[in-house]
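My questions will all concern the structure given below.
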């Protein structure tokens, strides 16, 4: 623990990088997964393509995806994009399912009623389907966020930033305290992000808690 | 198909001396289950059963009936220690159940519940063989026994390989009964076993249970909230009142003719006079009826009963004068059939028939004639005069 | 690009593809066995008694947040190089999904079925072993297969601390700037993951009662 207090500035610096490297992919992945998940909830054919594809993406080790990315998109080996792109891919793979399941679970009679009231499709999606799908979607988002925060560290194995740097440096210099500092930082960040999403979910979906 | 006597002998081989022992008819009345001042108070303070005193006789069907929440299930589940009483004693075969370890006790008592509760991961045959296997029978013997029971509860042998999800509700219930009977327990507890199936299947299952009881001579405690079911099945009926009180424990006819209090009177219903007919058997004159077969050309003058090749009723042809060809689409259906069981059946057949003539059938379902409502009323009057109906 | 993968020279010897593949498979299987031995009894016990469910959920979530890399490095720093740190890190990774699947599976068994099991005279051990676990198997397998995928993918980082497995190709390739070798390592891991999942899917089909399949699929009628 002493390492954190003795190296306060460095700790904040890696925390900021870690946060950036995990939050950007969550947001990007979430945004991408909404149209894809909507498509999958609509069309069985889309599901047949998207779901197995998402499953295969998961089987690729994160370290491999991180080292392959620069070759595929032509970035430099130490570019942060090399972590952001793979984590975005994982987030999309995870969230497509959540979004599709959540949208499919919206009661048919509610949708029918909204159509009968004359909602146009986009407006209906934004004001009816999507809000009703939020609880399940946010549950998926919590899993994706926690696993992203834990996965960012892998980037350090190829020299990228975040708490993972404390792991690799601690390993090379035999400094257990430094590794522990990174581990604690990761877990605290994950717990905080998870709690925050839980809170946002509750605020956005007050109706989901009525009668419990 | 073994006859009745043979089948009993077959059962004899499998009778096992469990902790409860084998019920032996001793001639007189024997109390198999006894509640002595039994009270059950749940942790939240609910008194589900209040000072229950009640004895169940060997070889009878005893029905617990009453409105929802009156403590029927709780009373039943205290017999096999699925619930333990707060105070009082329950004896099964003279032995305090609290002195027997629950699993051992339960293996000696058959238990059937509303949703059948079959094990979804086991085939029908393995479901039925559960208790014999738990009691240490070898696998082959248990399977043989299970196959036998499948037949006894009226299911085809090839159902044995199916899984519960592949059965209808009524079939699942039959398997539930078979599973409870597998180790040949002298006592059977049944908690609303037929309430989740449709009325037609329910009636089938009820008749089947009466047949089984006549054959196997078990002591059965049967829970229901349906007063008709209670009156049909019970030799003795215990009416429970909300709060876990036993309001009356009597024979069905007595409940109908002499309800102990207003609660029982209202529970057995306003039409209890009509229900009484269920327990009256009197000669009702059977009249001949004009019949015709499908496809025949007949001249009809009055309501004509259309029958099939086996002389079983298909429907009525309305009383329009003239010559017609009997075709399916002209049939007026409806009406229950009277099989000579009780005055209630006769009256119901007459009242429910579009022609006001109740169709009488024999055991094979063939038409033997018709009865009229007037005749039933007269038979009733005669029975009353003979003192058969308690006032 | 596939040149490295199909070069016969890379298919033999103590550092060849077959050896690394077997190492990787070895890490995976032993990890899963250890994790299952810990997680299934815990999840089953808590699911059966219904007490302490919050412990299971909390423990699963806390473990999920643990970065595997850090655990691996910490154990290496404490206990030295070797396979032991790899197993510690991977077992901690595999426990949450298996434990959560087992717990959820047992809780999802119809209470009527469990009541009936007691009613026919099963002892608590039989209720758990003969009724609850067989009925929970589909969800237990769900958690287990999820864990297997994660373990296969993550076993790759074992090579960072010098252990074996397919991760060797990724890290050696990285050190040598040999892109072909890195790609070959990644492809082999993904392939192994798919094969392992297929294997467990087969095992699931063999060990889960046909009575638990969704109605309409399989079984005679």
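By written order: A, B and C. Residues from 1 in each chain.
We take it that a residue touches a chain if its C-beta (ideal position, glycine included) is under 8 Å from a C-beta of that chain, and two chains touch if they have at least 3 such contacts.
These are the chains along with the protein names UniProt gives them: B = Proline/glycine betaine ABC transporter ATP-binding protein; C = Glycine/betaine ABC transporter permease.
If you're wondering where the values come from, they're calculated on a predicted model, not measured in any experiment.
S.K.: Which chain would you call central, comparing Cα centres to the global Cα centre?
M.R.: That would be chain C.
S.K.: If you take the mean of the Cα atoms for each chain, which one ends up farthest from chain A?
M.R.: B
S.K.: Would you mind pulling out the distance in Å between where the CA atoms of chain A average out and where those of chain C do?
M.R.: 22
S.K.: Measuring centre to centre with CA averages, how many angstrom lie between chain B and chain C?
M.R.: 52
S.K.: Report, in whole Å, the distance between the mean C-alpha point of chain A and the mean C-alpha point of chain B.
M.R.: 60
S.K.: Using the touch rule from the top of the page, what residues of chain A touch 2 or more other chains?
M.R.: Not one residue in chain A touches at least two other chains.
S.K.: If we count contacts the way the header does, which residues on chain A are in touch with chain C in the complex?
M.R.: The contact residues of chain A facing chain C are 56, 58-65, 67-68, 71, 146-147, 149-151, 153-154, 156-158, 163-164, 167-168, 170-171, 174, 176, 179-180, 182-183, 186-187, 190-191, 194.
S.K.: Which of the residues in chain B come into contact with chain C in the complex?
M.R.: Answer in residue numbers: 80, 82, 102-108, 111, 113, 115-123, 130-131, 134, 161-166, 179-180.
S.K.: Going by the contact rule at the top, pick out the chain C residues touching chain B in the complex.
M.R.: Contact set of chain C toward chain B: 110, 112-113, 115-123, 126, 131, 134-135, 137, 208-212, 215, 219-221.
S.K.: Mind pulling up the chain C residues that touch chain A in the complex?
M.R.: Interface residues on chain C, with respect to chain A: 61-62, 64-71, 73-74, 76-78, 149, 152-154, 156-157, 160-161, 167, 170-171, 173-174, 179, 182-183, 185-186, 189-190, 193-194, 197.
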